[in-house]
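Take a look at this one; I'll ask things after.
Note that the chains take the letters A, B and C in the order they are written out, and that residue 1 is the start of every chain.
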Amino acid sequence: MTVWQVPGVAAWRLRRPRAAEWWVGATVFGIAALLLVPGWLAPHDPYALAVSERFQAPSVAHPFGTDDAGRDIFSRVVHGARYSLGTSLIVVSVAAVFGTAYGAVAAWSGGLVDRILMRVVDVFLAFPYLVFAMAIAASLGRGLGSTLIALVVLWWPSYARMVRGQVLSLLKDQHIKAARTLGASGGQILRWHVVPHTYDQVTVRYTLDLGQALVALTGLSFLGLGAQPPSPEWGLLIADAKQYALTAWWAAVLPGLVVFLVALNFMAIGDRLRRDGTGR
Amino acid sequence: MTAILSARGLTVRYPGARRPAVENVSFDLSAGSTLAVVGESGSGKSTIALAISRLLDPAVEIRADLLTFEGRDLLTMDRAGLRRLRARRIAMVFQSPFGSWNPTRTIGAQLTDGLRAAGIWPSGRDRLLTLLRRVGIHEPADRLRDYPHRFSGGMLQRAMIAGALVARPSLLIADEPTSALDTTVQAEILDILDELRDEHQLALMLISHDLGVVARVASSTLVLYGGRLVESGPTTALYRNAGHPYTRALLAAAPRLDGPRKVRLPALAPGPVVDHGCAFAPRCPQAESRCAETTPGLRPVSGLNVACHLAETPRST
Amino acid sequence: MTKTADPPPLLEVRDVHKTFTTGPRPVRALRGVSLSVRPGEIVGLVGESGSGKSTVANLILGLEHPDAGDIRYQDRALPDWLARSARGYRGAVQAVFQDPVQAMDSRKTIGWSVAEPLVIHRVARGAAARERVADLLRSVHLDPALADRYPQQISGGQAQRAGIARALALEPALLVCDEAVSALDVSVQAQILNLLLEIQDRLGTAMLFISHALPVVRHLADSMVVMYAGTVVEQGPTEAVCQAARHPYTRLLISSSPHPAPDRKPGRAATAPREQMPVTGCRFAPRCPLAVDRCRAEDPVLRQVGTAHTTACWRAEDLATVTSR
């Protein structure tokens, strides 16, 4: 029974997923649920004030306890995923797509076009991100929107540089030379032999970056440069809780732990993908 | 002449490996002679070199009834002793001329490291320059200031040989020293090795996948298959009347300048290396049932040692 | 070999020059190289690294363009082919590479790679392409089930067979084999050489077989071309070149070649630093034991020294009196 594909035919087939794929699948499913239907997962209204229930320690009713206004912290964390995780996803996705296209175009064009495009990248890479984020916040006003813009602007160049390098070295590969002698057109070579080879590294970088973007974003919010109250953005939750961290440790520690674990999960997946070298 | 390197029943097993990389290999090498170790990739030929110089990871199991160098037991020697031995008495030259040099440092700086390790810096400098000239590097004092990328592959290999010999070692192990080089350069380097062996009364161990290459210089040859010695003896006898089907197949498969042209070469079919019986049996055109049952031991057959049940029966093809 | 009226050459390389200017100094890779391949003939091209033999392959494959000179296929110039019928030329002139694993896309199965030329040239697609691939794999003595594997999952010998199947997919008239057996163990090399001879026999495919190994070239080739430092130093029928070499470099190659006959001690190989490549005169002069003043002053030209046997050496006549073997 032949299962291999011939060129020009889409290569979809089902097979038993590997352990790493279950893990990635569970993560994707979890994120989707948090972003799309947080109401189903959160036991309480994240904004509902209940002064009588303030500073409750974690319990079955309030898994993460309550804050100074009696709001359920677990529900706030669940609803905050839209702000923290959602924004990170947008930042990294936009940066990855734009950066990949930019880098591939630079490598494919070569010569002067390549040099100009890459000088622009260098300029962006030279910016310290905190200073830049503060500048954007100062000019566009504080809020998640300005943080998102600042991070995207600073994030895409690393993809551009990575993909350009990869495409440049791919173009020197023997199998590209061989494809040319077969008579493949430029488009066929790009579509069949170049672009698929960048997927692995882009995917790994994308996953690792999701974790980093989440940390950067919550960090900026923690500093007051990102999301503004009463949004349940995770960095902001921690920043709010730090005033009473000694009396109600859970209000700062548990959301912090969530940020840590989510970021760690992305990094671990990224590392695993890198080691597997996906699809090789 | 007494052997300076002796091995009896040398067996090397990598952790977790199904079978030993080298199994029950014995040989002697004396000063002023050349021993070739020949086999395909995976035959264990490089592992023998690494086992002698004890460059293998400690997790690798090395056993032998005897493994001595200049009368000293290599198996029980401590690390400091081994280091001294590698710095002064046993020199090695590897296949990849570019991989063996650090591209960021000059040739001179790297050769100087070797002199320091052997404790002969700066006294050995003149000898180094003499040796460099000897191996065909002109104006060596100037060339030492160059970085490796300014050298051709052949020149790097020459410099490597000069550096290897400066501490007056008694044993030189060359692992595929010419495989990456052009035909004419390959011949030059082999000739240089041969002359240096003669001049310095070196014991030379030459590891190669190519019987034709070692024929140029080796006085005796070991042929390995699947980690086992299948045939050994004087190189001339080996070429004239190889007793093992594997040796014969290797010789017959290589096109020769004096052979017939445009004919089918007798090529060995691929096959697995087996543990039980003769390792070569699945690929052997003459294998009988007993070959799969009992492992043949080395026996003297017309001037050679051959590990084949059929070695004395007349050949028929 | 029976001698019939010479058929017109399938491929002709005429006085081709190529200089690479990408490095720190310009490198003159080819300085006036000419050779031709007749239909069904195997031409061996032998030389050391830096002799320009791979550049010749790249020019013929249209991967590089000559600075001067002509490459003609079926009496039509290569630029004309590539401009008007690139697919026609690509289908007729195919390549077999040194590293068969590297020459195939590591993310594609063997089947995909062998089918690729069929799809590019719209010869077959879908189920028809699969069927053709299975036939092609069988024709190079591979199990069609290997179509399912990736290049890095099969042995070097199997990969080279698959590479040959891929090159044969379009039924080319000429195969350019650039060091196609150099990376293989001796028994695998023998199998591939047998396969190439079988292809010549069965399909009448012409080949330009490029290698640094003289015994291999001699085994396969009907005629051969010896290159040194970007020039052709000797060419002619294989037996003539190997038995009666008239260029000192060819003789050096013969005496340096691995030779399983230990009693025959070859002469000491000549040594000369590569860096001192002369600008005028014979490029081999610094390494040549026979070089005279004229060799250092004047570029030797190819001269007839036998039937279809030419050499570029001023001392070819003197060399004839020295026995070569």
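As a convention for this text, a contact is a pair of C-beta atoms (placed from the backbone, for glycine too) under 8 Å apart; a residue touches a chain by one contact, two chains touch by 3 or more.
Since the model is a prediction, treat every value here as computed from it, not as a measurement.
Judged by the touch criterion defined above, the protein chains link up one after another in an open path, with no loop closing it.
Chain centres here are means of the Cα atoms, and by that rule the chain farthest away from chain B is A. Contact counts per chain pair peak at B-C. Here the spacing of chain B and chain C, counted between their Cα centres, is 31 Å.
Between chain A and chain B, the centres computed from C-alpha atoms are 53 Å apart.
Touching two or more other chains at once is no residue of chain B.
Residue positions of chain A with contacts to 2 or more other chains are absent. On the chain C side of its complex with chain B, the touching residues are 48-49, 155, 157, 185-191, 193-194, 197, 212-216, 218-220, 222, 238-239, 242, 252-263, 266, 268-271, 273-274. Put simply, chain A touches chain C in their complex at residues 2-9, 173-175, 177-185, 188, 192-193, 196-197, 279-280. Those residues of chain B that touch chain C in the complex are listed here as 40-41, 136, 138, 152-155, 182-188, 191, 209-213, 215-216, 235-236, 239, 249-251, 253-259, 261-262, 264-268, 270.
Residues 61-63, 86-87, 90-91, 94-95, 97, 99, 102-112, 115-121, 125-126, 129-130, 133, 147-148, 152, 166 of chain C are the ones touching chain A in the complex.
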